[in-house]
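Okay, got some structures for you below.
The same chain A turns up in both complexes below, where it pairs with chain B and then with chain C.
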Partner chain A sequence: MSPSDYICLLPLIILALASVIVMLVIVAKGSHKTIQFVSLALFALAFASLFPEAVPLPHAVPPLLLMDRFGAFVIALILLSGGVVCLLSYLYFEGKEEGPKEYYLLLFLCSLGGGILAISQHFISFFLGLEILTIALYALIAYLKSRPKAIEAGIKYLVLAAFSSAFLLMGMALIYMEVGNMSFAGMSGAIRDAPSLPPLFLAGLTMLLVGVGFKLAVVPFHMWAADVYQGAPIPVTALIATVSKAGVLAVLIRLFLALEVLSFPRAALGIGLLAVASILVGNILALQQKNIKRLLAYSSIAHLGYMLVGFVPGTRQSFESLSFYLVSYILATLTAFGIIACRSSKSEESELLKDYQGLFWSHPKEALILTISMLSLAGIPLTAGFTGKFYLLLATLEPDYWALAFVLVLGSAVGLYYYLRVITTLFGSYPIQENTPSLPVTSFYILCLSLIGMLAILTIVLGIFPSPLIEYIRGIWIS
Partner chain B sequence: MNTPDNIESILLLAALLFCIGMAGVMIRKNILFMLLSVEVMLNASGLAFIAAGAYWGQPDGQVMFLFILAMAAAEVSIGLALILQIYHLHRSLDIDKIKEMNG
Partner chain C sequence: MILLSLIVLLMLGGALSYLSERLNPYAPRWVALLTTLTSFVLVIIFWLGHYHRFTLSPAPNWLEEFRLEWIPTFGISFHLAIDGLSLILLALTCFLGLLAVLCSWREIQERTGFFYFNLLWILAGVAGVFMAIDLFLFYFFWEIMLIPMYFLIGIWGGHKRVYAAYKFFIFTQASGLLMLLSILGLYYSHGQLTGHYTFNYTELLGTTFSDPRGFWLMMGFCIAFAVKLPLIPFHAWLPDAHSEAPTAGSLLLAGILLKTGAYGLLRFVLPIFPVQAMEIATPAMWLGVTGVLYGAFLAFSQTDLKRLIAYTSVSHMGFVMMGLFAFNELALQGVVMQLITHAISTGALFLLAGMLKERLHTRDIGQMGGLWTRMPQLGTLGLVFALASLGLPGFGNFVAEFLILLGSFEAHRWHTVIAALGLVFSAVYSLRIVQKIFLGPQNRYGVLADFTHRERLMMGILAISIFWLGLFPQPVIHTARPAIVKLVELLSKESDTAYQPYYEPK
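Showing the complex of A and B:
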């Protein structure tokens, strides 16, 4: 490897070293606060090293990795989510029954896996990145190991994720059998001239999609999502909803673009069906949820459906809108989970919708931030979610895809109902019984709240002035 | 490396093992056996990789198998730790008995 390779992979190298550094700090008996500050500094350092001046992008590190502007963009999103989750974790884990120190190590490993996925261009780096991500997640989900729900969520995720990994691997093996090459570019050379996809390749691609579908929790592979979202600690739930989805989506986009799979009608139809099923089922199941974590789980299934809609046309414009939607989804999701984490006490998570009854009258700031995030997820104008949905709709407005556009609008209309129900709960009448102890306001609480508030403001700014981000994303996809 | 002639039968064996594992995950109610069945599925895909690598005369398939082994080991170690904890909490490994969340 040349020096420029190291410079361009520096963010990932920092993340890998960070887990070792955290281990050393634990050995040196650093306090929770020390570890928190070291972790935040390391996330900031990785972020700062992301856009190197010395190395022009795209820069390939053959044969496994390719750092281009899209990869840097997704890694930036992953590091942002990782940093926010890291800050929330202090508030959440301080005073919990489990020592929180090793948690940060796993957090870095998770971000590292997501980062590898975002720049992988080979089956081996795809597999390794995915497994670094998921194996760290198993431990994170079951981190509070004396709580039966966390353990149940952990074992469910473990069995289903391993099951889906087996599908993914079998799919990769079949594709490798057919084309004799495991790098995305090499595979595309082997199938480019084929009039239709060879049967073995098609079987492999289907199994690979089953595996990836499990990780993204799209319908019909969604059954784990609600239980895992509910059982996992809140910061970890936020991590599943952002880092793991962004990484897996990025590698899927890379694979599909390299193979030009979407020019084959059968493959495009399959993705379209997954998208339609996810939008409809996710939104309908979310309607009757009384637990806000489960509600967000089903809503994330629907949002992944919206993003899969962006795959189907396979044009540059559709991938641009997909990237914008990813940003708006991650911002809104982080904000929502941030408020839930802030509202939770040491022993109990405030996850039921009735815990939020009349929150506006007692905690107006928190309620307003949660409202903004819900509005953005619902796709109300003047939020980033609306702009994202608008661009997705524009990309599908072609004669062939009218059905997709219709389902997109229908799903958003259904979604409006349950997002607005959360908002009406927030602004509803204040409950009579006054036995909820008020949470102590620490400096970390204020720090977290102001960070989440900034994310919420960013959501609105992107809704009103989306053009800088759109220009930036357009620049990514032109190169 | 010389290419094996009976590549189809090796693939067929891998597919068979994969289906046995899949049936095990779906039918078994004991978590330990579900974990074992997942291992069978992972090894079936490893076998398919080795067959494909041998077919093309490349070492890549075996490299991938080594990674699969490492991943399976990491996963089993976490899985067994979770299973111990489940047994500690519930005195049972039946997947239906430990179920608390639904909806």
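Showing the complex of A and C:
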């Protein structure tokens, strides 16, 4: 490996080293606060090393990795999510029954896995990244092991993830058997001139999609989502909803682009059906949820459906819109989970909708931030979510995919109902009995709240002035 | 610049009212009053200053324009412009905004800051809708006005407020999304034809469509506007929203939010899709006629005063639909008049309903009766606006409905004959209001206060305006004429009949 390779991969190297550093700090009996600050600094360092001036992008590290502007963009999103989750974790784990220190180590591993996925070019790095990500997640989900739902959620995720990895591996094996190559570029050469996809390849691709579908929790592979979202600690739920989805989506985009699979109508149809099913089922299941974590789980299923819609046209514009939507989704999701984490007390998570009754009148800032996040997820103008949805529709209608556009619109209309339900609760009348003890306002609470507030403001800014981000994303996809 | 400053003024005023609540719970209403008053004065000064420009030669154009690049990648610009039509509706918006602040003066005692914030942001959104001529921007404002209205109904409404607020929001938002699809379809139709992708209204005019595509694109717009109007069968949200909303909410809903639907049809559907609009003219007029009669019937059978008034809106908006699809100058002038007079007369009735509710704590007209002797001033004005609503000559509503019927008689004779029956029904329900509430045996209510000064002021202004519009409607007709004539010329070009002016003003 040449020095420029190292410079290019520096963010990932820092993430890998970070887990070792955190271990050393634990050995040195650093306090929770010390570990927190060290972790935050490491996230910031990784972020800073992301756009090296010395090495022009794209820069390939053959045969496994390719660092290009898209990869850097996704890694930036992953690091942002990781950093926010890290900050929330202090608030959440401080004073909890379980020692929180090893938690940070797993957090770094998770981000590392996502980062590898984002720049992988090869089945090996694909699988490697995915396993680093998931294995860290098993432990994270079941981290508070004395809580009744945690072990259940962890086991559920373990079984399903192992199951889906098996599918994924089998799919990869079948594809390898057909084309005799495991790098994305090599595979594309083997099938480029085929009039239709070879059956073995198609079977492999389908199994691979099943595996990825489990990780993304798209319908019909979504059964685990609500239980795991509910059982996991709140920061971990935020991590599942952002880092793991962004990484897996990124590698899927790379694979599909390299193989030009979408020019085959059958593959496009398959993705389209997954998208439609996720949008409809996700939105409908979310309608009656009384638990906000479960509600967000189903809503994330629907949002993944929206993003899969962006795959179907297979045009440059559709991938641009997908990237923009990913940003808006991650911002809104982080804000929502951030507020939930802030509102939770030491012994109990405030995860029921009724815990938020009339929050606007007692805690206007928190309620306002959560409202912005809900409006963005619902796709109401003035928020990034609207711009994202608009962009997606624009891309879908360019080649006249009216049916998909209709499903997207129908899904948004259904989705309105439950997002509004959250907002109505926030602005509803104040609860009569006032027995919930008010949470202590620590400096970390203020720090977290201002950070989440900034994300919310960013959501609004991207809703009003989306041009810079749009131009940036176009720049990514032109190269 | 006045266009942008109007929106900014209302939005800033809203933010200020919210913040001023910390100083004093009564501060927000003064801030709101000052904001709406300033905006109203601004618009009136602008109107008077440009009054000489409402002529047919030179060819009518925008009075004022403001343009800023927004998302150039997609051909989206922040483009505001007004002509006579939008100016009238803007003035109406500011006028009703002022009244809405005044009528909430006592009614809203809780969370005043957030209330006036929402109120002013509704006005800002509606003002934006009337000014935007970039379709993306139009959709943007179209959605923006919904959220504060949702809060207004959902927080300060009656017992079933949450249900009503949901219903309002989901109906309008879902139909709005269909419009968004149509806007995008239009964008691509125009772009593929000319190679120039834009959301600019003036450039999108004159786009030609392949056969079924144009029809469906128009339907997307039509459904969004028909829900807002509301047109049978999309009216289900209206009675609930109106009856549960606080007085200011009902006033703004009836007075300006419904008008955005009619404005959308006038500004976008007819000019952009003239051929397709002519194809659906007959069924559209039937729907209008059905609305006139159905609304009147249901209004007659209501016992809840606010629901009753809500159904009269359905009936009056049926006339608007008829006038729009008659495609001639008389009928379209009637539509513009109807938009204003309906806003004033129905708004006044909602204010009266609010005042009665404040005094009697009920909206059930079965429990009222004999109130004239207790509150003679309120009774008199109740009679005035009931008569206005039934279209008695001398009131603005008469002018409006007469012009619509005259115009549509020429276009579709039998539709008009049947719709004219609606006038009879409206007499029946209007007189029922007066008889049930103000006449008849007295019910057991204690001391009832008549108008306060504030209420007298509001109702006085409204009564004067409705009389003025009935006796001297020319300023409105004069202002709207260039825009209407332009539209009729455009439509007659499509139907091969030359445009014949009805009259030549000196």
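The working rule: the second predicted complex is superposed on the first by the 476 of 479 C-alpha atoms of A that agree within 3 Å, B and C clash if a C-alpha of one lies under 4 Å from a C-alpha of the other, contacts with A are read in each partner's own complex, and residues count from 1 in each chain.
Please note the rule applied: contacts are C-beta pairs under 8 Å (C-beta built on N, C-alpha and C of every residue); 3 or more make two chains touch, one makes a residue touch a chain.
Computed from a prediction, not measured in an experiment: that's the story for all the values here.
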In the superposed arrangement, does A:Leu287 touch chain B (first), chain C (second), both or neither?
neither
Touch check for A:Ala41: first (chain B), second (chain C), both, or neither?
neither
Partner chain in contact with A:Ala166 - chain B first, chain C second, else both or neither:
first
With both complexes overlaid on chain A, does A:Pro466 touch chain B (first), chain C (second), both or neither?
second
Touching partner for A:Tyr138 - first (chain B), second (chain C), both, neither
first
Between chain B and chain C, the one with more contact residues on chain A is chain B
Report for A:Met223: first if it touches chain B alone, second if chain C alone, otherwise both or neither.
neither
Contact-wise, after the overlay, does A:Leu174 reach chain B, chain C, both or neither (first, second, both, neither)?
first
Does any part of chain A touch chain B in one structure and chain C in the other, and if so which residues?
none
Mind listing the chain B positions that touch chain A in their complex?
11, 14, 18, 21-22, 25, 31, 34-35, 38, 41-42, 44-46, 48-49, 51-53, 55-56, 58, 60-61, 63-64, 67-68, 71, 74-75, 78-79, 82-83, 85-86, 89-90, 98-103
For chain C, which residues count as touching chain A in their complex?
70-74, 111, 136, 139-140, 143-144, 147, 150-151, 154-155, 162, 165-166, 169-170, 173-174, 177-178, 180-181, 184-185, 187-188
Spell out the residues on chain A that touch chain C in their complex, using ranges where they run on.
361, 375, 380-382, 386, 390, 393-394, 397-398, 400, 402, 405-406, 409, 412-413, 416-417, 420, 424, 427-428, 466-467, 470-471, 474
Chain B-touching residues of chain A, taken from the complex the two chains share:
123-124, 127-128, 131, 135, 138-139, 142, 145, 148-149, 151-155, 158-159, 162-163, 165-166, 169-170, 172-174, 176-177, 180, 182, 226-227, 230-231, 289, 291, 294
